[in-house]
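This report refers to the structure that appears directly beneath it.
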Amino acid sequence: MGKKSVSDFEVTDNIRLNATNFLIKLKAPGSLPVVKPGQFVNIDIKNSTEIFLRRPFSIFEVDYNRNTLSIIVKVLGRGSKKLTEIVPGEKLSIVFPLGRHFSYPDKNDRILAVGGGSGLAPMLFLAKESGLPADNVDIIVGARSAADHVEISAYNKYGKIHLTTEDGSLGTKGFVTDHPLLRNELKNYDKVYACGPEGMMKAVAGKAKKAGVFCEVSLENLMACGFGVCLCCIEPTVKGNSCVCTEGPVFNINDLKWQI
Amino acid sequence: MGKKSVSDFEVTDNIRLNATNFLIKLKAPGSLPVVKPGQFVNIDIKNSTEIFLRRPFSIFEVDYNRNTLSIIVKVLGRGSKKLTEIVPGEKLSIVFPLGRHFSYPDKNDRILAVGGGSGLAPMLFLAKESGLPADNVDIIVGARSAADHVEISAYNKYGKIHLTTEDGSLGTKGFVTDHPLLRNELKNYDKVYACGPEGMMKAVAGKAKKAGVFCEVSLENLMACGFGVCLCCIEPTVKGNSCVCTEGPVFNINDLKWQI
Amino acid sequence: MLASGTCGFAEEINDFYDVSQLGGIFLKGTTPRNRDGNLYPRMAETPSGMLNAVGLQNKGIDYFIENIYPRIKDYGTSLIVNVNGSTIEEYVEVTEKVNELDNIHAIELNISCPNVKEGGMAFGVTCPGAEAVTREVRKAYDKTLIVKLSPNVTDVSEIARAVEGQGADGVSLVNTFLGMAIDSETRKPLLSTVTGGLSGPAIKPIALRMVWQVSKAVKIPVIGIGGIMNAADAIEFMLAGASAVQVGTALFKNPHIPLRIIEGVDDYLQRHNIQSVSELVGRLQM
Amino acid sequence: MLASGTCGFAEEINDFYDVSQLGGIFLKGTTPRNRDGNLYPRMAETPSGMLNAVGLQNKGIDYFIENIYPRIKDYGTSLIVNVNGSTIEEYVEVTEKVNELDNIHAIELNISCPNVKEGGMAFGVTCPGAEAVTREVRKAYDKTLIVKLSPNVTDVSEIARAVEGQGADGVSLVNTFLGMAIDSETRKPLLSTVTGGLSGPAIKPIALRMVWQVSKAVKIPVIGIGGIMNAADAIEFMLAGASAVQVGTALFKNPHIPLRIIEGVDDYLQRHNIQSVSELVGRLQM
């Protein structure tokens, strides 16, 4: 894993993306180490005991020139709510870089990245970092309805974006797994990646497994420490109980014990 | 005691008076009941469990037209510090009005009000409310040094202000009890009032007792509830253990069991 | 319902709102005669909680009957006297007097106060002690007898079963945990008594576990107490097996909390399409 | 020093800073053979604390000796193995193996884990149980034997005296409190095991009281544990009688906290003109 650190980052932007999603940009006190899609930061939300434990968030974007990194926060409970109330100028204590990143695609690979809910950030980061021509990258993003989607057309230059909504108010109607690319064309991809609600990831994993396609997912198990000491975040794998925070959050679906 | 209430007041001003004292003005959601010098409010500082219990503060000024009341907060520990970081527009949950007020002086009385530390507010409120001509009112305010004093010259119209500092950097050198008015002229007063650190109040009470002058003090015992149910704030009195929050905070020194 | 020692004798809460809206009020612990309680300081704030060392300050049962009871007896809510004593005889003495009061339909036998030298928790931490005092008080009392249990024990179910065996109609738990706080700068204890009773949200997880254990161990109703601040907390205690709950320290934070809890529970029942709270009791989904 | 189960096997902390700056590291609880621990979910946040239900997941003592020990043995800080078992024989088995390790000078006998069905707390809540396991482990171990006590007991001093009587060189306390959390909306327990161990600042007042009681009851050194977040907390435990302290859950909040505590205590000693921490131990001003 290499050296990890705890540092105070300064919030430079906090932008509301839609009703429940916020983009928060953070400036490191020094120069940033290299971070990769799938890795995460663990944030002390109030520098207090009110929200006692840190909260983990995937890294969404990184700018090595400005030494900033961004996260996308979906409001779920107390901690994420407080976090989205933060004002630029405030400091946040951050532990990072944490976790293992997604496997990078090989040159000429065709990849499919499937994101939903709070799993959007690493998928977009991955599309951007893949180094592949946009033609080789498909990104499916699912949400309940149009209002739950955030504006990501800027990512069109890294891949083709396909939206789905459960109520059909935008893009393909249904779950991400109802999208034609996942229903019929999985075999066309060399690698499939997914991050989002567990049910969604399992559905994608099931299809990938059936199609025999390489598939990695990024888990969001509950964490107390985030750096491998508490053994709270474990996921059963072929190697026994693995720590999602250090041996994941990215796992190859073949290593997981999912019933898919 | 009458009806008490819990309401959200809006902070309209938060003014730094000196290094450690802040004037906080609060607007009631409706019209204010009559409040009197010595009464206090109990404030939920963060609307959270971080600072678990409320903190009591004496009422300093009240404006029935604007429905505002003010407090002077001296930074002592965690709670008072957080409170002074509040920004106008924020709301504070306030329980009030609490406690018994000072006995009002009779017409033509000469009174002496002695304040120190966090005890300044009720003394100034009392001077203002006394209804006496300024000539009949002396106010002694003590502090460690000049920098610890706050600007109160506006209160000159309610009484004559006398400052003391322990280091002699402003006004009379020494403790408030070293001031000539307290050393030699106590008999000239009909009523003496004091609020501040316990040692100071005991010293004043001792002199008043010797001089046989009516004296009331306002205690600042630690409180959990502030409205008479927890029995944590008690002070031994001639009637047994009295609740400072409901039977005080103002006590006649003859009722206290102080060794003075 | 409001927990004993945190709502005075109901009048102080009635200063804020009409207490007839409440399910019941457990009055401040009462002893046979006047007790001054412990010396000041009696409280210390702790992370998500507080310590108290009040030590059962009260004016005695006779004063209560003559002066307080007449003023509060028609408040329109259940009033429960919290019975205390240094000896079994003292417990019985208070009980006998309360037995005569028409508008008091239940007592809570406090065998768990950690802040008194004699009696209190001493009875509540062993089965024989708990049995002995429950047996004698039971003989002296015709109406509902609730026994309040101490969490400062290895096995609270055992104590609960013991008092059930002696005729208790219900148990309430928990009383406060024995704790301590020190001022590192002055190097002195923050309480005059060195140790005191810990209450508030900090203790909720332990209290909830104890309620769950006890509700599986006894057949009589269990009243849940410990760090309840909102409707979700109250519902958790009911799911763990409590038929009712008491709110204590939360009142210091805001005396209106019990009303908000009642509203919140109603709202929960509606949202989840549940007819009555009794359908929640013990319905933890395993 | 770092508390067992909250600092892994030291390597994870060494990823942040050089652990030779620390007084000592109590390694993750170790059993004779691989243990998978309990099912997910294993943790729940609570007011000023958390519950865990890890259940002693570890790869077993042999794996430790072959794979981990060689990597960490020269870290330049005291390494203490936290010894666990389901039976006395298992405790002894682990102890015998650790006895052979040159760079391990002490073991902590964990008779207080609330998260395992067999062994663990079962031994730690009765005097005979605590005595039996301490006696056998003592026979098998030549170096420093620290026994880690459970707070889930009526009288912790009694247990402390019992293990002192069997030759323990020190006691450490407290392990976690048995607690529980429920999601009111789903009506399910938040932990797969229903109950788990409560740690963090919430338990500090109770832990402090227990350390104070135990330090008066035994002559051997006492190590204070429970909710220590900063230097003031550490000093409070020392004033209450702890010769040293362990930091647990605070590490999850910030792995640098132990370093800050060391600095803060140094600063305190200077400000108060005290030569060494030993002058603080038990010096509560009454």
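The chains carry the letters A, B, C and D, assigned in the order they are written, with residues numbered from 1 in each.
In this text, a contact is a pair of C-beta atoms (placed from the backbone, for glycine too) under 8 Å apart; a residue touches a chain by one contact, two chains touch by 3 or more.
For each chain, UniProt lists the protein as follows: A, B = Dihydroorotate oxidase B, electron transfer subunit; C, D = Dihydroorotate dehydrogenase.
Just so you know, these numbers come straight off a predicted model, no measurement behind them.
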Shared touching chains for chain B and chain C (Dihydroorotate dehydrogenase)? none
Whole-Å distance, C-alpha centre of chain A to that of chain B, is 55
CA centroids of chain A and chain D (Dihydroorotate dehydrogenase): separation to the nearest Å works out as 35
Averaging over Cα atoms per chain, report the distance between chain C (Dihydroorotate dehydrogenase) and chain D (Dihydroorotate dehydrogenase) in Å. 33
Which integer distance in Å separates the CA centroid of chain A from that of chain C (Dihydroorotate dehydrogenase)? 48
Flagged in chain B as touching 2+ other chains are 49
Tell me, which residues of chain C (Dihydroorotate dehydrogenase) touch at least two other chains? 46-49, 200-201
Should the pattern of chain-chain touching be classed as line, ring, star, complete or other? ring
Name the touching chain pairs, would you? A-B, A-D, B-C, C-D
Chain C (Dihydroorotate dehydrogenase) touches which residues of chain D (Dihydroorotate dehydrogenase) in the complex? 46-49, 51, 125-126, 152-154, 177-182, 184, 186-189, 194-195, 198, 200-206, 208-209, 212, 227, 231-232, 235-236, 239-240, 268, 283-286
How about chain B: which of its residues touch chain C (Dihydroorotate dehydrogenase) in the complex? 1-6, 44, 49, 51-54, 93, 95, 221-236, 240-241, 246
Chain B residues touching chain A - in the complex, by the definition given at the top: 46, 48-50
Provide the residue numbers of chain C (Dihydroorotate dehydrogenase) that touch chain B in the complex, in ascending order. 5-8, 12-13, 15-16, 28, 34, 36-37, 40-43, 45-50, 52, 54, 57, 200-201, 229, 249, 251-256
